[in-house]
Structures are given as structure tokens and as C-alpha cells.
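In what comes next, chain A is part of two complexes: it sits with chain B in the first one and with chain C in the second one.
Our next item is the complex of A and B:
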């Protein structure tokens, strides 16, 4: 890691954690906290999708894991009275476990087959949330309490979110810190030996296998990490919204996660972050156009793909962050 | 029992027609056409406008649906997919484009035709009943028309020059090009034909189930499932997948009725298990 990269990373962390909250407070636009938290959480889930792209699989099933993670956290907090902080890693791990069980058979599929199966997976998750008793069907789980305090040996490390004057600021901090952690992990992963093995899978699985790589284990590992991200993103999202319904994450969300990765550029670790930001704010900005919102949005999307088929980062900005 | 089988056959004929178009586009271009359901909806609305509102003959409306979608499909291939396939480093970019086109169609359909459920008057009145089997005549006519289109399509693929060229293209694009097949023209033709089949299915089904602007996505998902059951890019597979899904749906809705709305959950679960055993579907070739 060069000094320039460290400086860029530090600048980014300062921008997100200090400069943006200050700017928001100065402009009295506290509604932006919620919007930006959403962007941060959606980009965590998109980051997971990006990792499956990295091993050469088109993943349109992240909505399923976001939904599962959300439900796991919601059920643990409301029914069993767990702390949110404990339910968060459990939600992620549960998704990772589920993705291993699902992934072992379906990761044998490639290309369009895998894409279609994962799309179906999102529908399966939604239908299961409707059918199961523990998820309370179409009514969903509502009035989930906000995250409580973290204390260690009687020392309060983090006060309960309800005690904050600006609760959305607390959620903003939580989401962005998680986003930074997840993307740091992703960056580290991609630039490690494991990342090189993943890249080998993308280029040629047969060749990788003949070099002695345990291909099935590696691709399940990548898929599990990806789903872990999805579960974490979903769980925090539910904590912010304080409710979850079977329709909280649908096929549309799964497709959007994929679009975020594409738009940012599949060759760049931080692509999903940029893609999510641009798509989310683009959609919000077009709100004033009323009934033409979707038409303009999709029209611009098509134009972007036509002009930049390799993603926004392929513009080769002078301060290009990314790997590969 | 007979009723369930008859319903399954009727649904299967519709589904097979939808899946054929999707699998054709996939076979020729390696593009997963997300907008297939939206094309179907558009075909339905064209027929609704001409047959339902203008009161022109149904045949004219059906032809108009087919032609509209064929022209749209050709334009989309020529100006969008061809460009992106040429410029992109990774072929997955076409999926993004397809998703964008699907959103665009959704928005355009909503603006042009509104969000109301639209239906048209029956094309044939009366009900066919025999023993304890009861089927409205219009369903029989529509199912027969769908079967007719499927047969015509297969004959065209098997015995005409464009059909042969497209089959060659699906087998090996480079080899077909080396043999002097104008691949660009036949890609265009194939895409137009695939879109046309979606439009035909939409035009046929609007007379029975009606159409609304929101059903495009769910139809696409159903079409994906049929293609997965049968195997992507294979004509026979798409037809088999369509009939199997139609049957499953018909049987499931009557058998699982007592347990609530879980038919599709069971079908999805069965599909995942099936794909674990046979990843390429019934007739699909191994991928990659």
C-alpha cells in the first residue's frame, strides 16, 4: 500500500465521518442522514454482490440475504429480547451459513443459469417470509426497538441510540463505519492471496482446478462472504426502519444491487459504493419529475451503459481509487 | 382430474410460447432478456387498443402486436445490444442493459396505458363441456393458436434458410461467420423474432387474463424458470419447460390449495433441488 493510497483512504474516512456530518448540520438538512445511511447499507450489500462477480458469477439474489439477515435480527431482538449488537453478527453468520447450504449445489451452475437461480432465490425468500409463522406473514415485524447501549464491565462504551439527540446521526455513523469496515475488508481480501485465487476462478475454473485449487470450496467461501455482507446490510437497515415486511427486499432490490456494481465498474473494488451513491441520488433527484421519474432514470441508465459499458470508474479519473 | 390436466395444457401452451422467445434470444446472442415480460405486456396492450378499443378484428390486432414488437426488438438489437456487446470488456454488461430496457419499458407502458387492469371482450363465446370437463371455448382457441405458432416456429427453424442460419449461429458464432453466414443480420432477425413471440403471447392472453402494467417482471421470472427447467438456448427445452411449469402450477394450485398460498414456494424449492441434480436442465448443453 503506497503512501498516496493511505492518504486517500484517510481523506475518505475523514470526509465521511467528519466533513459530511458537519456540512449536514450546518445546512440543517438532517433528512440527509437517513438517505446517506441507506446508501451506505445498500453499498455494503452491493459490495457482496461485487465479490460474487469477482469469482465470475452473476448474483441477482442478494435481496434474499438482506431479507434473511433483517428477519434474523428482527426476530432475535423482538421475540427473544436479544441486544441488537449481538443479533447483528448472528444475522450475518446465519446468512453465510444459509448461503453455504444453498451455494453448494447452485454454485455448480454458471453464467445465465446461476443468474436466473439467484433471481428465483429472492422470490423464495419473500414467499418464505410470507408463509412462515416466525416472520408473522404479510403483517411483518414492526416497532423493533432501537439499538441499546454497549457496556463492558459496567463501563458504557456506546450509549443507547434512543438517548441521542439526533438519532439518525447515530444510525449514519453506524452505517458508514460498517461500510468503511466492509470495504476495507473487501479491499484487503481482493489484494491478498485469496483474492488472487478468486480472480483465477473468474478467468478459468477448469485451469484453476487443474492447478490444484479446491474450486468448490473457494467459490462457496466467496459466496458466503458475499451473503454475510448482505445479511449485515439488511440487519442494520431493519434497525433503522424499525420494521420489516416480506416486501422489504424484493427482486427489484436484487437487480438494483447488481446494477450498482455494474455502474461503478466490475473491475474496481470501490465501484459498488460509487454506483450505489449515483443510482440512489439520481433516483431521488428525479423525484420532482413525478410520473416521468422511472422513464428518465431508465433512459439515463441506458445511455450510461451505452457510453460507459465498463462502469463509471473506467473514466480513469486522476484520483482513481481501485485495484487491479 | 381431467380439468386439472386440461388447465395445465392450456397454461403450458401459453408459457411455452413465452419461453421460446426468451430462449431464442439467449441462444443467438447470449443475452438474458430481462425485458421479455415487459415485451409481453406491450403486446397485450397493443391488442387491447386495437381489438378492445377500436373494435377491429382480432386477427388484425394480433398481427399488429407481433409487428410492433418485432420492429421494437430489431431496433433494440441494432442500436443498444450490438453497441454494448462491441464496446464492453465483459459480456455481463448486456444484463445491465437488459435490466435498463426492462425498467424503461415498465415506465413507458405505465405512462402510455396507465396502471389499470385491462381486459377485452371474449373472442369466442360459449363453453365446451364434456363429461366432467368444462373449458370455455376461447381458452381452447387461444391454446390451439399458441400451439400453431409453436409448430410454425419449429418448422421455420428446421426447414428454412434463416432457420438454418440461426441454428448455426446458436451452435458456434465464429464458425457460422466463417461459413459466410451474415451473423449481424441474423442476430437482428433472431432478436426481432424473439420479441415478436413475446408480443404474440401477450396479444393472445389479453383476451383471457387481461393485462396490467405491473405483470411484466413476474412474467419474466416465470419465463426464466421455464428456460431453466428445459435448458437455456434449446428450443425443445423451452417448450418442455413451458408445459411442465403449466402442469405444476395447475396441479399445485388444486392439491396445495388447502395449505394456503404456497404453490410457488414448493415449485421454487423443487426447481432448486432439480437444478442441483441436473444443472443444465432437461436438454441444455453444459455452459462454458
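Our next item is the complex of A and C:
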């Protein structure tokens, strides 16, 4: 069983990091690098949302953290001349800290009340980006330099992205490697005792607290990890786009992050990856239907959620264990 | 011996409603004490106050001489006062075994990061908690069904699982909320034996319960609450003879219209 899992993980890594780039090069479709990088980054942010679902909270506010993470990285790189590589973890940590401050009061809410407050967060983040001086208002931050080289003791470990012949390939590699790392971390989390505690929280917070679990602290921990993912995703996105505006992540994105989780399946750690891929390409494929795009898209989504309440992953894994 | 839990002048008001009014009683170590009373008398509120899920308007609860009312519920649990809930409130989506393992968390000395990284201490604890959970499940007759999802279990097993979860937290005082509700005669008898067996492990037990036959059989002492006020306290035999109690449960004669 475990050997099968390791083999599956290795096959997935090889597919993403070797097979897909080779296929893209052979087909001369280098535009796909950008698309797939986006999918990878959006699925990182969705993975964060998935974790808040895991503790029983509907999170429609991930766009806020993607935006905050993007701005933190952009400001550090442009205004303070930091290396992108240093700004990336700082962006994630900044989001995690911000989410602790925001989360402590709002995580007391449940169900639709929590969802509604988080929905507002994205809009709050957008308005703050418009109003603050460091974010340069509606003009946004543009001409952000591409990630530079990583050197250690004079040894160049990774050349600057500008020196790559195919810059988008470098971004593709960065995004997918981060995606793999984030989901590996998430998988480990869910399968550790910490994940068990989170699951207990989702089932019954009163009982958990009666058994001595520090429920408020655990809730905020899950939310902070979730927002860290949002910040990381946002920061890399901004590095690729080389610009960020208050409208870079909107309420629409927040809703999509949540839909990605639903579509992939809330019971499966890797659900958000599949969900993001299908939703992203599904939307693009429907582009040809013109004015009917949204109608068909929404209709198909409703049907999918009705017929596959446990998400697309449940197709492949019908049931983990017989209940009888 | 000094009482293990003292409830002193406990009062809880919700707006104009006085749910619990100046209730005092002591719980002796290793006894089984039942809190009974008609529906809406304030029994559950007393449990919530003792486990510190709600804060008293006035009065206090002490555990081994230390005030515990007003602390966070998980802190009270950590000190050794653990509350279980009615059968519908368990970890429904977890397996019986996982639920009991989670409830071992209080005994854990590993850090959350240790859990994540799977340090030697965390792994040793996991094995230990697994063994302990198996033992508790076996003790309460759930060994056969330990890998079932809790929501698939029948009533009797759910009740036992509730107690198992409580036991796993290693309580000194265990508060059981209606452990016999909805059980038939045989199931109740088995559950009564279960509660006694828990007591024999050195745990002090407090029960809120409606099943009078079971309460009379199992309790060392009984506290009777009506309209938020303690109206009687004593052994089952004393309570059965108490006029105020009979009145509270049956009503005085001129009020029993149409019976």
C-alpha cells in the first residue's frame, strides 16, 4: 500500500516535471507553460482553502491572502530591493500572521456566518490596496524584476530567471515544484496526529474542547497555514505577471478557490489540484460557446456537485472502506 | 476526605431568566453523584458551569480547592474534569478507535510540530495511545466495532463510545450527560455496569439523568434541582421519601388537573 503510494507520487512528480515539459516542447505550445503555472499556483491557494474546509469552515476569503502575499513580495522586491526568493517566505509568513489577527475573532463564527465574513475579506484587501501608499493605489506595482539568481558562498545554485532561454519554463518549474512541496506538506499534515485533531474539530468542537484540545488555537493554526498557502501562491503569481493591481485577486477568485475544493473533493488532499485543473481548462474550453459560456459552466457545475457530492476524485476511488 | 468538587452558591442568569439559582453541593472522591430534576430544571446548565463551558453569574466551582469556573473548557479538562455529551454529540465522521485516540491528546507531551514531523516521542506516544485506546474500547465492549465510523454505530454502542472518549482523557471527575437516555432495560443494565466499572478505576462520576430506576440503582447520592434551585440532596432512599421531590415530579394534588 505504502509502496504503491510512493510509486504514484514519484510518477506524478515525473509527469509534472519531466513528461509535460517534454510534451510541450515537442508540440511547440510554450504558451501552455504560463497556463499550467497559473493552475499550479491557484491550486496552492485552493489547497489552503481545503485545509479550512478540513476543520469545518467554509473559506471564501483566500483571494485576500493571495493579494496580500503578492503585494508583500512586490513591495519588498521593488521598494526595498530584496531578492524574490527571500520575499517569498516572508510573504507567506506575513499572510499567516495577518490571518492570526483576523482569524482569532472570526473563527468563533461557524457555517454561513464565517463564510460571509471571509467573503468580505477579499473586498477589504482590495480596498486597502487602493488606499494605502505602499501599494501605490490603483496604479498598482509594475515592472517587477524577475526572480534573480540564488547563490551560496559564491556558487550559483539557480541562475537568474532573465538568463533562461525559455523564461516561462523556469516559472513553470518554480510553480509546479512549489505545488508539489505544498501538497506534500498538506498530505503529511492530514495524515499526522495534527490532522486527526483537525478532523476532530470538524466533527465536534465542543467535545474536542471538553477532551482538552485547545480549540481556538488549533483553529487559528489551520487558518494560518491556509493563508500561508494563499500568500505563497499570490507572491509567485505576481512574480510571473511582473505586476500587481488591487484587482489582481478579486471575490471571483476567492469563490473559485472554494469551487476548486468542492469539485476535486473535500475528502481528498489532492482534490484541489484536480479541481483547479478541470475548472481552469473547463472555463477556457467553453470560451467558444460565447454568450452561453457562463450558463453552460454553471449548469455543468451544478450537475457535477449534484451527481458527485464527494468530488471528481470519488470517481476513481469509489469508497475507501466498506462501511459494513 | 475533602470533597473533590465543590459547587458554591452557583447562579446563572440569562437576561431575566434565572437558570441556576444559588446551588451548592459537594462531590466526594470516587462517588457516583446524580443530578436529577424535571425538564428545564437547570441540570444541564449546572454541567456546563462545572465544565466551564459557560461562566457563572455568581458563585464558583472548585476542584481540589482550586477555582475552575471561568477557565477555558480545555484547561478545566486538562486539570481532570471532563464532560461527555449526549450520544448525538460525538466525533461522528471518525472511527470509534480514532475518536478515542484523539481524546488521548491531554496526555500528550509531544509538541504540535513533533506530531507533524513524527519525532520519536510523538511516534512512541502514538503507539502508546493506540494500545490504550484498544484497551479502553475492549473494556467498554467496543473491541469488535472499533474500526467502524461512529455515525454507523447503534445507540448502545454510541453511548459506550461517549464514555470511552471521556475515559481516554484520563479524568479524575467524569461528567456524563444522560448516559442512559433512549436505552431499553437490558441496555441500561449493561450501561449501569459500565459506569460502575469506570468508578472502580478510581474515577469520580457525576450524571445528569432522567431514567429514575437507573439513577436509584447506581447513585451513591442524588442532588435534585427544580426551577434552578436545589430542593433536596441525599441517598437514593432519602430522595425517594422526600416530599419536595415527590411534589416536584408529580405535582401537588390540586394542580394535577385532568389526571
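One rule holds for everything that comes next: the second predicted complex is superposed on the first by the 314 of 324 C-alpha atoms of A that agree within 3 Å, B and C clash if a C-alpha of one lies under 4 Å from a C-alpha of the other, contacts with A are read in each partner's own complex, and residues count from 1 in each chain.
Just so we're on the same page, a contact is a pair of C-beta atoms (placed from the backbone, for glycine too) under 8 Å apart; a residue touches a chain by one contact, two chains touch by 3 or more.
Predicted model only: the values in this text are computed from it and were never measured.
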| item | value |
| --- | --- |
| Touching partner for A:262 - first (chain B), second (chain C), both, neither | first |
| Chain B or chain C, by number of chain A residues touched | B |
| Chain B versus chain C as contact partner of A:131, first or second or both or neither | first |
| Partner chain in contact with A:200 - chain B first, chain C second, else both or neither | second |
| Contacts of A:210 with chain B and chain C, given as first, second, both or neither | second |
| Partner chain in contact with A:150 - chain B first, chain C second, else both or neither | neither |
| Partner chain A, residues of chain B touching it in the complex | 26, 30, 32, 34, 80, 83-84, 87-90, 92-93, 95-97, 99-101, 103-104, 106-108, 110-111, 217, 221, 224-225, 227-228, 232, 260-262, 264-265, 268-269, 271-272, 275-276, 279-281, 284, 287-288 |
| List of chain A residues in touch with chain C within their complex | 188-189, 192-194, 196-197, 199-200, 202-204, 206-215, 221, 323 |
| Chain C residues within the chain A interface of the complex | 51, 53, 72-74, 77-78, 82-85, 89-94, 98-99, 101-103, 105-106, 108, 112, 115-116, 118, 122, 126, 148-149, 152, 165-166, 168-169 |
| Complex contact set, residues of chain A against chain B | 53, 58, 102, 105-106, 108-113, 115-117, 119-121, 123-124, 127-128, 130-131, 205, 251-252, 255, 258-259, 262-263, 266-267, 291-295, 297-299, 301-302, 305-306, 309-310 |
